[in-house]
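Here it is, the structure, as C-alpha coordinates.
Every chain is named by a letter (A, B and C) in the order it is written, and numbering of its residues begins at 1.
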(Lines give C-alpha, C1' and ligand atoms only; values in the text may rest on other atoms or scores of the structure.)
Protein backbone atom coordinates (compact mmCIF):
# COMPACT_ATOMS: atom_id res chain seq x y z
CA UNK A 1 0.00 0.00 0.00
CA UNK A 2 1.14 3.52 -0.67
CA UNK A 3 2.14 5.00 -4.00
CA UNK A 4 5.42 6.62 -4.94
CA UNK A 5 4.75 10.34 -5.13
CA UNK A 6 7.10 13.21 -4.46
CA UNK A 7 7.32 14.55 -0.94
CA UNK A 8 5.85 17.81 -2.24
CA UNK A 9 2.80 16.06 -3.72
CA UNK A 10 2.32 13.97 -0.59
CA UNK A 11 2.47 17.08 1.55
CA UNK A 12 0.09 19.09 -0.69
CA UNK A 13 -2.50 16.32 -0.43
CA UNK A 14 -2.07 15.95 3.33
CA UNK A 15 -2.36 19.71 3.68
CA UNK A 16 -5.67 19.71 1.79
CA UNK A 17 -6.99 17.16 4.28
CA UNK A 18 -5.72 19.30 7.18
CA UNK A 19 -7.67 22.22 5.70
CA UNK A 20 -10.79 20.07 5.92
CA UNK A 21 -10.08 19.01 9.50
CA UNK A 22 -9.37 22.57 10.56
CA UNK A 23 -12.70 23.72 9.11
CA UNK A 24 -14.58 20.85 10.77
CA UNK A 25 -13.04 21.70 14.12
CA UNK A 26 -13.47 25.48 13.80
CA UNK A 27 -17.24 24.86 13.55
CA UNK A 28 -17.93 28.48 12.52
CA UNK A 29 -17.21 28.83 8.80
CA UNK A 30 -19.54 26.99 6.44
CA UNK A 31 -18.00 28.73 3.42
CA UNK A 32 -14.54 27.57 4.45
CA UNK A 33 -15.98 24.10 5.00
CA UNK A 34 -17.54 23.90 1.57
CA UNK A 35 -14.35 25.32 0.00
CA UNK A 36 -12.56 22.07 0.95
CA UNK A 37 -14.69 20.22 -1.60
CA UNK A 38 -15.18 20.37 -5.34
CA UNK A 39 -18.58 21.78 -6.31
CA UNK A 40 -19.79 18.35 -7.40
CA UNK A 41 -18.36 16.52 -4.39
CA UNK A 42 -20.06 13.54 -2.78
CA UNK A 43 -19.89 13.03 0.98
CA UNK A 44 -20.80 9.41 1.58
CA UNK A 45 -21.37 8.74 5.28
CA UNK A 46 -23.17 5.44 4.85
CA UNK A 47 -20.19 3.78 6.53
CA UNK A 48 -21.34 5.56 9.71
CA UNK A 49 -24.98 4.70 9.01
CA UNK A 50 -25.65 8.30 8.04
CA UNK A 51 -26.63 9.77 4.66
CA UNK A 52 -24.97 10.76 1.42
CA UNK A 53 -24.68 14.44 0.49
CA UNK A 54 -24.04 15.58 -3.07
CA UNK A 55 -22.96 19.06 -4.15
CA UNK A 56 -22.08 22.24 -2.27
CA UNK A 57 -25.59 23.01 -1.04
CA UNK A 58 -26.25 19.59 0.44
CA UNK A 59 -22.77 19.51 1.98
CA UNK A 60 -23.25 22.96 3.51
CA UNK A 61 -26.56 21.81 4.96
CA UNK A 62 -25.04 18.72 6.53
CA UNK A 63 -22.11 20.49 8.20
CA UNK A 64 -24.35 23.38 9.27
CA UNK A 65 -26.50 20.92 11.19
CA UNK A 66 -23.43 19.23 12.73
CA UNK A 67 -22.05 22.59 13.86
CA UNK A 68 -25.38 23.45 15.50
CA UNK A 69 -25.43 20.15 17.40
CA UNK A 70 -21.85 20.15 18.68
CA UNK A 71 -20.13 22.41 21.18
CA UNK A 72 -16.63 20.90 20.75
CA UNK A 73 -14.83 19.13 17.92
CA UNK A 74 -11.33 17.70 17.57
CA UNK A 75 -10.29 15.44 14.70
CA UNK A 76 -6.74 14.12 14.86
CA UNK A 77 -5.04 12.85 11.71
CA UNK A 78 -2.51 10.04 11.46
CA UNK A 79 -1.20 7.37 9.09
CA UNK A 80 -1.82 9.50 6.01
CA UNK A 81 -1.13 7.66 2.76
CA UNK A 82 -1.36 8.45 -0.91
CA UNK A 83 -2.90 5.39 -2.58
CA UNK A 84 -2.85 6.83 -6.08
CA UNK A 85 -1.99 10.14 -7.70
CA UNK A 86 -1.62 11.20 -11.33
CA UNK A 87 -1.23 14.92 -10.60
CA UNK A 88 -4.84 15.72 -11.49
CA UNK A 89 -6.67 13.23 -9.31
CA UNK A 90 -5.63 11.33 -6.23
CA UNK A 91 -6.89 8.81 -3.73
CA UNK A 92 -5.74 9.16 -0.15
CA UNK A 93 -6.27 7.17 3.03
CA UNK A 94 -5.86 8.19 6.66
CA UNK A 95 -6.84 7.42 10.20
CA UNK A 96 -8.89 9.93 12.11
CA UNK A 97 -9.86 9.97 15.76
CA UNK A 98 -12.99 12.09 15.76
CA UNK A 99 -13.88 13.51 19.14
CA UNK A 100 -16.48 15.95 20.30
CA UNK A 101 -19.14 16.98 22.74
CA UNK A 102 -22.67 17.91 21.86
CA UNK A 103 -24.51 20.87 23.36
CA UNK A 104 -26.63 18.23 25.10
CA UNK A 105 -23.45 17.13 26.91
CA UNK A 106 -22.82 13.83 25.18
CA UNK A 107 -19.16 13.01 24.45
CA UNK A 108 -18.35 11.09 21.31
CA UNK A 109 -15.14 9.46 20.15
CA UNK A 110 -14.92 7.52 16.90
CA UNK A 111 -11.93 5.77 15.39
CA UNK A 112 -12.36 5.81 11.65
CA UNK A 113 -10.51 5.71 8.37
CA UNK A 114 -11.01 8.19 5.58
CA UNK A 115 -10.86 7.00 1.98
CA UNK A 116 -10.95 10.13 -0.17
CA UNK A 117 -10.75 11.05 -3.81
CA UNK A 118 -9.19 14.43 -4.45
CA UNK A 119 -9.02 16.56 -7.57
CA UNK A 120 -6.53 19.29 -8.47
CA UNK A 121 -8.36 22.57 -9.12
CA UNK A 122 -7.23 26.13 -9.78
CA UNK A 123 -7.42 26.56 -5.99
CA UNK A 124 -5.35 23.47 -5.22
CA UNK A 125 -6.38 19.97 -4.15
CA UNK A 126 -10.04 19.61 -3.17
CA UNK A 127 -12.04 16.61 -1.95
CA UNK A 128 -14.28 15.22 -4.69
CA UNK A 129 -15.44 12.06 -2.91
CA UNK A 130 -15.47 11.59 0.84
CA UNK A 131 -15.95 8.22 2.47
CA UNK A 132 -15.30 7.20 6.05
CA UNK A 133 -16.05 4.11 8.08
CA UNK A 134 -15.20 2.80 11.54
CA UNK A 135 -11.80 1.18 12.00
CA UNK A 136 -12.72 0.18 15.55
CA UNK A 137 -16.22 -0.69 16.81
CA UNK A 138 -18.23 2.44 17.56
CA UNK A 139 -19.45 3.19 21.05
CA UNK A 140 -23.12 3.75 21.80
CA UNK A 141 -22.47 7.44 22.44
CA UNK A 142 -22.50 8.16 18.71
CA UNK A 143 -26.10 7.08 18.49
CA UNK A 144 -26.87 9.10 21.61
CA UNK A 145 -25.68 12.30 19.97
CA UNK A 146 -27.72 11.68 16.87
CA UNK A 147 -30.80 10.99 18.97
CA UNK A 148 -30.29 13.87 21.37
CA UNK A 149 -31.24 16.89 19.28
CA UNK B 1 -5.55 28.30 7.37
CA UNK B 2 -2.04 27.18 6.63
CA UNK B 3 0.68 29.13 4.88
CA UNK B 4 2.65 28.14 1.81
CA UNK B 5 6.11 27.20 2.99
CA UNK B 6 8.57 24.75 1.51
CA UNK B 7 8.40 21.16 2.69
CA UNK B 8 11.88 21.66 4.19
CA UNK B 9 10.76 24.67 6.24
CA UNK B 10 7.60 22.89 7.34
CA UNK B 11 9.62 19.89 8.43
CA UNK B 12 12.25 21.96 10.27
CA UNK B 13 9.53 23.67 12.28
CA UNK B 14 7.73 20.42 13.05
CA UNK B 15 11.03 18.87 14.07
CA UNK B 16 11.68 21.72 16.54
CA UNK B 17 8.32 20.96 18.13
CA UNK B 18 9.17 17.25 18.25
CA UNK B 19 12.38 18.18 20.08
CA UNK B 20 10.23 19.90 22.68
CA UNK B 21 7.86 16.94 23.02
CA UNK B 22 10.75 14.49 23.32
CA UNK B 23 12.26 16.56 26.14
CA UNK B 24 8.92 16.84 27.93
CA UNK B 25 8.41 13.09 27.73
CA UNK B 26 12.00 12.17 28.67
CA UNK B 27 11.44 13.99 32.00
CA UNK B 28 15.14 13.84 32.90
CA UNK B 29 16.95 16.65 31.09
CA UNK B 30 16.12 20.18 32.17
CA UNK B 31 18.96 21.60 30.06
CA UNK B 32 17.58 19.85 26.97
CA UNK B 33 14.14 21.14 27.89
CA UNK B 34 15.26 24.75 28.21
CA UNK B 35 17.27 24.43 24.97
CA UNK B 36 13.97 24.11 23.08
CA UNK B 37 13.20 27.74 23.90
CA UNK B 38 14.80 31.08 23.15
CA UNK B 39 16.37 32.66 26.25
CA UNK B 40 13.61 35.26 26.44
CA UNK B 41 10.79 32.79 25.76
CA UNK B 42 7.37 33.11 27.36
CA UNK B 43 5.42 30.00 28.35
CA UNK B 44 1.83 31.10 28.77
CA UNK B 45 -0.27 28.37 30.38
CA UNK B 46 -3.18 30.57 31.36
CA UNK B 47 -5.31 28.63 28.86
CA UNK B 48 -4.94 25.69 31.26
CA UNK B 49 -5.57 27.93 34.28
CA UNK B 50 -1.88 27.71 35.19
CA UNK B 51 0.77 30.45 35.27
CA UNK B 52 3.00 32.28 32.83
CA UNK B 53 6.76 31.66 32.87
CA UNK B 54 9.24 34.09 31.32
CA UNK B 55 12.88 33.37 30.56
CA UNK B 56 15.09 30.30 30.89
CA UNK B 57 15.23 30.26 34.68
CA UNK B 58 11.48 30.43 35.21
CA UNK B 59 10.90 27.87 32.45
CA UNK B 60 13.46 25.50 33.99
CA UNK B 61 11.73 25.89 37.35
CA UNK B 62 8.33 25.08 35.92
CA UNK B 63 9.38 21.94 34.04
CA UNK B 64 11.53 20.82 36.97
CA UNK B 65 8.45 20.83 39.16
CA UNK B 66 6.39 18.98 36.53
CA UNK B 67 9.08 16.30 36.18
CA UNK B 68 9.12 15.81 39.97
CA UNK B 69 5.34 15.37 40.07
CA UNK B 70 4.95 12.96 37.16
CA UNK B 71 6.10 9.37 36.74
CA UNK B 72 4.97 9.01 33.10
CA UNK B 73 4.51 11.39 30.20
CA UNK B 74 3.44 10.94 26.59
CA UNK B 75 2.51 13.81 24.32
CA UNK B 76 1.34 12.86 20.83
CA UNK B 77 1.48 15.40 18.01
CA UNK B 78 -0.92 15.68 15.09
CA UNK B 79 -2.42 18.19 12.64
CA UNK B 80 0.75 20.32 12.57
CA UNK B 81 0.35 23.52 10.56
CA UNK B 82 2.53 26.48 9.72
CA UNK B 83 0.32 29.55 10.09
CA UNK B 84 3.02 32.06 9.15
CA UNK B 85 6.73 31.97 8.39
CA UNK B 86 9.15 34.56 7.05
CA UNK B 87 12.29 32.49 7.54
CA UNK B 88 13.25 34.27 10.77
CA UNK B 89 10.05 33.94 12.75
CA UNK B 90 7.12 31.59 12.44
CA UNK B 91 3.79 30.79 14.01
CA UNK B 92 2.73 27.16 14.16
CA UNK B 93 -0.36 25.34 15.35
CA UNK B 94 -0.84 21.71 16.32
CA UNK B 95 -2.97 19.28 18.25
CA UNK B 96 -1.49 17.49 21.21
CA UNK B 97 -2.91 14.70 23.31
CA UNK B 98 -1.05 15.10 26.58
CA UNK B 99 -1.12 12.01 28.74
CA UNK B 100 0.59 11.10 31.95
CA UNK B 101 0.51 9.61 35.41
CA UNK B 102 1.60 11.33 38.58
CA UNK B 103 3.68 9.65 41.28
CA UNK B 104 0.50 9.89 43.37
CA UNK B 105 -1.14 7.55 40.81
CA UNK B 106 -3.47 9.99 39.10
CA UNK B 107 -3.81 9.57 35.32
CA UNK B 108 -4.32 12.65 33.20
CA UNK B 109 -5.27 13.05 29.58
CA UNK B 110 -5.77 16.45 27.97
CA UNK B 111 -6.68 17.27 24.39
CA UNK B 112 -5.19 20.64 23.59
CA UNK B 113 -3.94 22.80 20.78
CA UNK B 114 -0.56 24.52 20.77
CA UNK B 115 -0.25 27.99 19.26
CA UNK B 116 3.48 28.74 19.18
CA UNK B 117 5.76 31.49 17.94
CA UNK B 118 9.17 30.25 16.87
CA UNK B 119 12.37 32.12 16.06
CA UNK B 120 15.30 31.00 13.91
CA UNK B 121 18.51 31.05 15.97
CA UNK B 122 22.09 29.93 15.29
CA UNK B 123 20.97 26.60 16.78
CA UNK B 124 17.89 26.30 14.60
CA UNK B 125 14.23 27.00 15.30
CA UNK B 126 13.40 27.62 18.95
CA UNK B 127 10.10 28.35 20.71
CA UNK B 128 9.83 32.03 21.65
CA UNK B 129 6.20 32.05 22.78
CA UNK B 130 4.29 28.99 23.93
CA UNK B 131 0.53 28.98 24.34
CA UNK B 132 -1.79 26.02 24.73
CA UNK B 133 -5.47 25.65 25.58
CA UNK B 134 -8.01 22.83 25.68
CA UNK B 135 -9.56 21.78 22.40
CA UNK B 136 -11.91 19.41 24.23
CA UNK B 137 -13.31 19.93 27.75
CA UNK B 138 -10.79 18.92 30.40
CA UNK B 139 -11.52 16.13 32.81
CA UNK B 140 -11.41 16.64 36.57
CA UNK B 141 -8.25 14.54 36.81
CA UNK B 142 -6.11 17.50 35.74
CA UNK B 143 -7.12 19.40 38.85
CA UNK B 144 -6.51 16.29 40.92
CA UNK B 145 -2.88 16.10 39.81
CA UNK B 146 -2.26 19.73 40.57
CA UNK B 147 -3.79 19.32 44.02
CA UNK B 148 -2.05 16.05 44.80
CA UNK B 149 1.53 17.19 45.44
CA UNK C 1 17.32 13.85 19.69
CA UNK C 2 16.71 13.59 15.98
CA UNK C 3 19.30 13.38 13.24
CA UNK C 4 19.67 15.66 10.26
CA UNK C 5 18.44 13.71 7.26
CA UNK C 6 16.85 14.96 4.08
CA UNK C 7 13.10 15.28 3.98
CA UNK C 8 13.06 12.54 1.34
CA UNK C 9 15.00 10.11 3.56
CA UNK C 10 12.82 10.95 6.57
CA UNK C 11 9.71 10.34 4.52
CA UNK C 12 10.97 7.07 3.01
CA UNK C 13 11.66 5.72 6.49
CA UNK C 14 8.31 6.88 7.85
CA UNK C 15 6.59 5.35 4.85
CA UNK C 16 8.26 1.98 5.55
CA UNK C 17 6.83 2.10 9.06
CA UNK C 18 3.40 3.01 7.66
CA UNK C 19 3.63 -0.08 5.43
CA UNK C 20 4.14 -2.14 8.58
CA UNK C 21 1.20 -0.51 10.38
CA UNK C 22 -1.06 -0.95 7.38
CA UNK C 23 -0.23 -4.65 7.22
CA UNK C 24 -0.78 -5.08 10.97
CA UNK C 25 -4.18 -3.39 10.73
CA UNK C 26 -5.27 -5.20 7.55
CA UNK C 27 -4.92 -8.49 9.47
CA UNK C 28 -5.31 -10.57 6.30
CA UNK C 29 -1.95 -10.67 4.52
CA UNK C 30 0.84 -12.56 6.24
CA UNK C 31 3.06 -12.27 3.16
CA UNK C 32 2.65 -8.51 3.13
CA UNK C 33 3.34 -8.48 6.85
CA UNK C 34 6.57 -10.46 6.53
CA UNK C 35 7.61 -8.29 3.56
CA UNK C 36 7.97 -5.33 5.95
CA UNK C 37 10.95 -7.06 7.57
CA UNK C 38 14.37 -8.21 6.41
CA UNK C 39 14.64 -12.00 6.23
CA UNK C 40 16.87 -12.07 9.31
CA UNK C 41 14.79 -9.58 11.29
CA UNK C 42 14.32 -9.81 15.04
CA UNK C 43 11.01 -8.83 16.63
CA UNK C 44 11.74 -8.26 20.30
CA UNK C 45 8.53 -7.92 22.30
CA UNK C 46 10.08 -8.47 25.72
CA UNK C 47 9.21 -4.86 26.52
CA UNK C 48 5.57 -6.01 26.47
CA UNK C 49 6.42 -9.18 28.43
CA UNK C 50 5.99 -11.24 25.26
CA UNK C 51 8.56 -13.24 23.30
CA UNK C 52 11.27 -12.63 20.74
CA UNK C 53 10.79 -13.81 17.15
CA UNK C 54 13.73 -14.24 14.77
CA UNK C 55 13.49 -14.68 11.00
CA UNK C 56 10.61 -14.68 8.52
CA UNK C 57 9.07 -17.98 9.62
CA UNK C 58 8.91 -17.10 13.32
CA UNK C 59 7.63 -13.61 12.51
CA UNK C 60 4.92 -15.03 10.23
CA UNK C 61 3.91 -17.40 13.00
CA UNK C 62 3.61 -14.65 15.56
CA UNK C 63 1.51 -12.30 13.42
CA UNK C 64 -0.61 -15.20 12.17
CA UNK C 65 -1.56 -15.96 15.76
CA UNK C 66 -2.29 -12.30 16.49
CA UNK C 67 -4.52 -12.03 13.43
CA UNK C 68 -6.47 -15.11 14.54
CA UNK C 69 -7.04 -13.67 17.99
CA UNK C 70 -8.11 -10.17 17.01
CA UNK C 71 -11.22 -8.96 15.19
CA UNK C 72 -10.16 -5.28 14.99
CA UNK C 73 -6.82 -3.47 14.88
CA UNK C 74 -5.87 0.18 14.63
CA UNK C 75 -2.36 1.45 15.23
CA UNK C 76 -1.90 5.21 15.03
CA UNK C 77 1.55 6.69 14.42
CA UNK C 78 2.88 9.97 15.76
CA UNK C 79 6.11 11.73 16.78
CA UNK C 80 8.19 9.87 14.19
CA UNK C 81 11.91 10.61 14.46
CA UNK C 82 15.02 9.48 12.66
CA UNK C 83 17.62 8.87 15.36
CA UNK C 84 20.39 7.81 12.99
CA UNK C 85 20.73 7.14 9.27
CA UNK C 86 23.72 6.50 7.04
CA UNK C 87 21.71 5.66 3.92
CA UNK C 88 22.12 1.90 4.38
CA UNK C 89 20.93 1.48 7.95
CA UNK C 90 18.79 3.65 10.15
CA UNK C 91 17.34 3.81 13.62
CA UNK C 92 13.91 5.34 14.02
CA UNK C 93 11.67 6.12 16.98
CA UNK C 94 7.94 6.73 17.12
CA UNK C 95 4.88 6.73 19.31
CA UNK C 96 2.12 4.27 18.58
CA UNK C 97 -1.32 3.99 20.10
CA UNK C 98 -2.18 0.36 19.53
CA UNK C 99 -5.88 -0.39 19.75
CA UNK C 100 -7.92 -3.44 19.04
CA UNK C 101 -10.66 -5.84 19.99
CA UNK C 102 -10.29 -9.58 20.29
CA UNK C 103 -12.84 -12.07 18.96
CA UNK C 104 -13.54 -12.77 22.63
CA UNK C 105 -14.72 -9.16 22.91
CA UNK C 106 -11.88 -7.69 24.95
CA UNK C 107 -10.80 -4.17 23.97
CA UNK C 108 -7.16 -3.25 24.29
CA UNK C 109 -5.38 0.07 24.06
CA UNK C 110 -1.65 0.40 24.59
CA UNK C 111 0.49 3.52 24.41
CA UNK C 112 3.94 2.47 23.35
CA UNK C 113 7.09 3.66 21.63
CA UNK C 114 8.77 1.82 18.80
CA UNK C 115 12.57 1.77 18.60
CA UNK C 116 13.42 0.21 15.23
CA UNK C 117 16.49 -0.55 13.19
CA UNK C 118 15.88 -0.43 9.47
CA UNK C 119 18.01 -1.56 6.54
CA UNK C 120 17.95 -0.40 2.92
CA UNK C 121 17.30 -3.35 0.60
CA UNK C 122 16.65 -3.69 -3.11
CA UNK C 123 12.96 -3.38 -2.17
CA UNK C 124 13.44 -0.25 -0.07
CA UNK C 125 13.68 0.23 3.68
CA UNK C 126 12.78 -2.84 5.75
CA UNK C 127 12.67 -3.40 9.51
CA UNK C 128 15.67 -5.43 10.70
CA UNK C 129 15.12 -5.08 14.45
CA UNK C 130 11.79 -4.28 16.08
CA UNK C 131 11.49 -3.25 19.70
CA UNK C 132 8.57 -1.67 21.47
CA UNK C 133 7.77 -0.92 25.09
CA UNK C 134 5.06 0.92 27.00
CA UNK C 135 5.33 4.68 27.21
CA UNK C 136 2.36 4.81 29.58
CA UNK C 137 1.39 2.12 32.12
CA UNK C 138 -0.50 -0.73 30.47
CA UNK C 139 -4.06 -1.53 31.44
CA UNK C 140 -5.07 -4.97 32.65
CA UNK C 141 -6.98 -5.61 29.42
CA UNK C 142 -3.78 -6.52 27.59
CA UNK C 143 -3.29 -9.49 29.87
CA UNK C 144 -6.94 -10.39 29.45
CA UNK C 145 -6.55 -10.69 25.69
CA UNK C 146 -3.49 -12.87 25.99
CA UNK C 147 -5.31 -15.14 28.46
CA UNK C 148 -8.55 -15.25 26.51
CA UNK C 149 -7.67 -17.52 23.62
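Just so it is clear, a residue touches a chain if its C-beta (ideal position, glycine included) is under 8 Å from a C-beta of that chain, and two chains touch if they have at least 3 such contacts.
Only a predicted model underlies this, so the values are computations on that prediction, with no experimental measurement involved.
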{"item": "Turn needed to bring chain B onto chain C - CA fit, degrees, nearest 5", "value": "120"}
{"item": "Copies chain A and chain C touch via same or different residues, half shared test", "value": "different"}
{"item": "Where chain A and chain C are represented by their mean Cα positions, the distance between them in whole Å", "value": "27"}
{"item": "Sequence positions of chain A contacting 2 or more other chains", "value": "7, 78"}
{"item": "For the chain A and chain C complex, residues of the former touching the latter", "value": "1-2, 7, 10, 78-79, 81, 95, 97, 111, 135-137"}
{"item": "Partner chain C, residues of chain B touching it in the complex", "value": "7-8, 11, 15, 18-19, 21-22, 25, 72, 74-78, 99-101"}
